[in-house]
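After this come two complexes, each holding chain A, first together with chain B and then together with chain C.
Entry: the complex of A and B
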């Protein structure tokens, strides 16, 4: 255990059946997760860039694929770099974050959808 | 009933979470990021609606050059990595390493802002200012809001750097570095969507 950590036994003592409330933290001797996260973030970025530069597929499909790559990138940043699932007990950030993703996609998706009725938003 | 589970190995808790007050502030900072995310979602929606309304100005395909944009992406992705390493160094209790990686993050962030400003200057010098068309208004507001966030982040990092130098790694400065890293990674995510949804999709015919 490194000095940057401290033990709080009263937080860790959980009753049987409530093990999901046990603290979850990522502790490593070497930042492998960060290095791998960086490598994968570069791969995802260049995959999207090359697909667009070489017009590798039809426009609609291409748009869907690069958006999927961006979502993968977001998941990577959240999971690896933002220690998303970390918490002393319940990871309280998860529910509001899910709600924010829902609002974001509803807002952007319905805006695009409703504009398609008139002239189309490419 | 109150039998603690003793069979599981005890897991060390990082100092910024072990301190109850600082831990609550980290949760609070997530709430801020959630609201900021909705601001950016609104601006993305505005851009999606206006991107085809180019009036007499340039279209996205005519305007964008991927070169500077790819450079900005690389700078920001790398800075997201360096601040991730700074948090790792903080948890390994290596203050000098934390300072070094934080300075690297600031330098990369500054490189991003300078590249973005020079890109904007190039656009405006070709007459593509933000009152020319709905597309350009939406573009400058969305990308400019993100650039303003990064600029603010660099100023935040400077104050953080001074505090870390004066006070070292205390529960408070650890929490501040952790929340700064959340902010910085969040801006990286927003940029990835700008890169994809604005620049790359602007190059799709």
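Entry: the complex of A and C
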């Protein structure tokens, strides 16, 4: 028994700095936040789909509404699933997040700029 | 019942697939398949295959599986290329017709990019990165295996299109409206979208996995600016993958919705916008060419210092140029469709941003040359590929700059000049780089050295064949030959150049055969690598035995500078000569699992069902995916312990443990 104990204490921990990756099943309860986040994501998606499929409102209003739904969806994903609210000392996940936002907006912005040619030539 | 069977045969083997070439391929696949099953059964290797390979989560074994897949796909893509070149060897002589030619160039491009270049770079990522950063594994070993099996089953789904149902035929870019179901009925394009979607999930996961691995799992003391340059290149490549693959996924998924469910995102009618597909595709496509070239840059940055016996010249500028290429790579995609006519401002902006990329790339070229300058150069095969790369890539880069000049692009667009340019950079850059890395790291992966003399024969065949193939294509482009022509009439002055080009393609084919012969010969007779450091290397992977044990490092090294292993050898203080028994601890390693394989299989079944719109099969596959993910989420028994005594025994057998 003591042999097994000493052997166990010899086990090297996971890589230094990666301790947080170990699941903490004992301390955490049922992941209600994640389940509800999943359900709400689906609701937001189907709401947008149904609004478009049934032409529920005039086009401009429709655009505004699905844009609002998309922003809600993005916030939900970031908050519930992308660990935005979890701090582990330094908040350095904000750097890649900022990069992601920059790239997303740059790509969407330039794509709109590029595709504007249709209004120019037609 | 016979009616059902008739329907099945007609759907799976429609009349236009009943060609001699495809029936030949069917026969070959059948024979090879039976052969493999027979050998596995005869030597009772099924259990071994499942236990040791199909369920493995060890990054070194996953690397080998990626490599085998990449070489097999290089063969398939190469045979496609030879078929294309044979068709164009002489005017009006066309062994294969227009439709089949379209299918062959589509599969050639798709396979070479997605199923050859990508797994080849992932093979080297997996084989080298954890060893170079002094880590026992990647951050997420199971996800790593998932990546592999998603890639592998995506590749299988794509490859069976040739013999079952019909190949995609709209080019490797798959532009609408040519991929619309109205203009392109049949399963071909659905195969294309689904297989790339499935493999794309795997690729995205790999990008995340290696980014996390490099950021979180480096050995103590290895600051970012002490990382080997290959690690830097993989870090930037992973960042490119993470941001570049989502636009591709969106483009493919929306196209699939258009084909399968009658939506109209990219259709000609109903307010669809086909050019938006082109925009999204190249939003991915341009970073993609840097995804396949940056690892090659990293490989050369390892090979050149080792074989010049000098520290890499200009480490900091190398890092700065890698990171600036990474950023600039996102800002140039419109140069693939200047002729769409987005207007002078847009085109000028993207022309300029394209030219900008030449600056950091030029810095890297000069740094490699300065590293060799005054070094003690050993001409090995790995080094030969590097020395062939520099002039080849400079020509490819220079022709790229010429294409970035918008008025010139309007003339050269869609001509053989473009074909010559991108093969110049993809073969001269990526393939030379990958082959250089293959020869360089082969001993570390397999424990024996590839025969150098045979390797040099393969090298010369490949490089000479490359120039003979693609130099004439520049001239053909200037003479007005457009790409994707399946034949051409006599009297355009194209036939001599085309014949030379075809000749070159067959020389390259011979180079590939020489490479395979080299591997098979060395497998039996090649020199075993007993030291673990056959090239007098500079980075940590060479401090381990070849091949590295399952746990990589018995004790994690502490890093004090760039080229840590070189410094260790200089001071006589290697990992092996001060490892005492009490330093060895029992290790926790990830346990093998069949889940990734089953997940890939489920995706394959679901994808096959969706390709033929057989919904019960598609739903069955989808349920399989959900089941695998649920199993993975609740499988807490995913670690095993490797006792310290076993490690001590292994290390002692290598003579790496002090008494």
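Just so we're on the same page, the second predicted complex is superposed on the first by the 83 of 122 C-alpha atoms of A that agree within 3 Å, B and C clash if a C-alpha of one lies under 4 Å from a C-alpha of the other, contacts with A are read in each partner's own complex, and residues count from 1 in each chain.
Just so it is clear, a residue touches a chain if its C-beta (ideal position, glycine included) is under 8 Å from a C-beta of that chain, and two chains touch if they have at least 3 such contacts.
Quick caveat, the model's predicted, so the values are computed rather than measured.
Applying the stated contact rule after C-alpha superposition, one finds that A:74 touches chain B and leaves chain C untouched.
With both structures placed on the common chain, the touch criterion links A:52 to chain B but leaves chain C unconnected.
In the superposed model, A:107 makes contact with both chain B and chain C. Using the contact criterion defined above for the overlaid structures, shared-chain residue A:41 touches chain B, although it does not reach chain C. Of the two partner chains, chain B is the only one that A:82 touches; chain C does not reach it.
Within the superposed three-chain model, A:93 lies in touch with chain B and out of touch with chain C [touch as defined at top]. Look at A:115: by the touch rule set out above, it reaches both chain B and chain C. By the document's definition of touching, of the two partners only chain B reaches A:63; chain C does not. Comparing chain C and chain B on the residues of chain A they touch gives the larger count to B. Note: residues 7-8, 11-12, 14-16, 23, 25, 100, 103, 107, 111, 115, 120-121 of chain A belong to the chain B contact set and to the chain C contact set alike, using the contact criterion stated above.
Residues 7-8, 10-12, 14-18, 21, 23, 25, 100, 103, 106-107, 110-111, 113-118, 120-121 of chain A touch chain C in their complex.
Chain contact summary for the complex, chain B toward chain A: residues 1-5, 8, 10-15, 17-18, 23, 27, 30-31, 33-35, 37-38, 40-42, 44-46, 48-49, 51-52, 66, 70, 73-74, 77-78, 80-81, 83-85, 87-88, 90-93, 169, 174, 181-182, 185-186, 188-189, 192-193, 195-197, 200-201, 203-205. Within the complex formed with chain B, the chain A residues making contact are 1-9, 11-16, 19, 22-25, 27-29, 31, 34-35, 37-38, 41-42, 45, 48-49, 52-53, 55, 59, 62-63, 66-67, 69-70, 73-74, 77-78, 80-83, 86-88, 92-93, 96-97, 99-101, 103-105, 107-108, 111-112, 115, 119-122. Across the complex, chain C meets chain A through its residues 135-136, 139, 216-217, 220, 243, 247, 273, 275-276, 279-280, 283, 330-331, 334, 340-343, 346, 585-588, 636, 641, 643-644.
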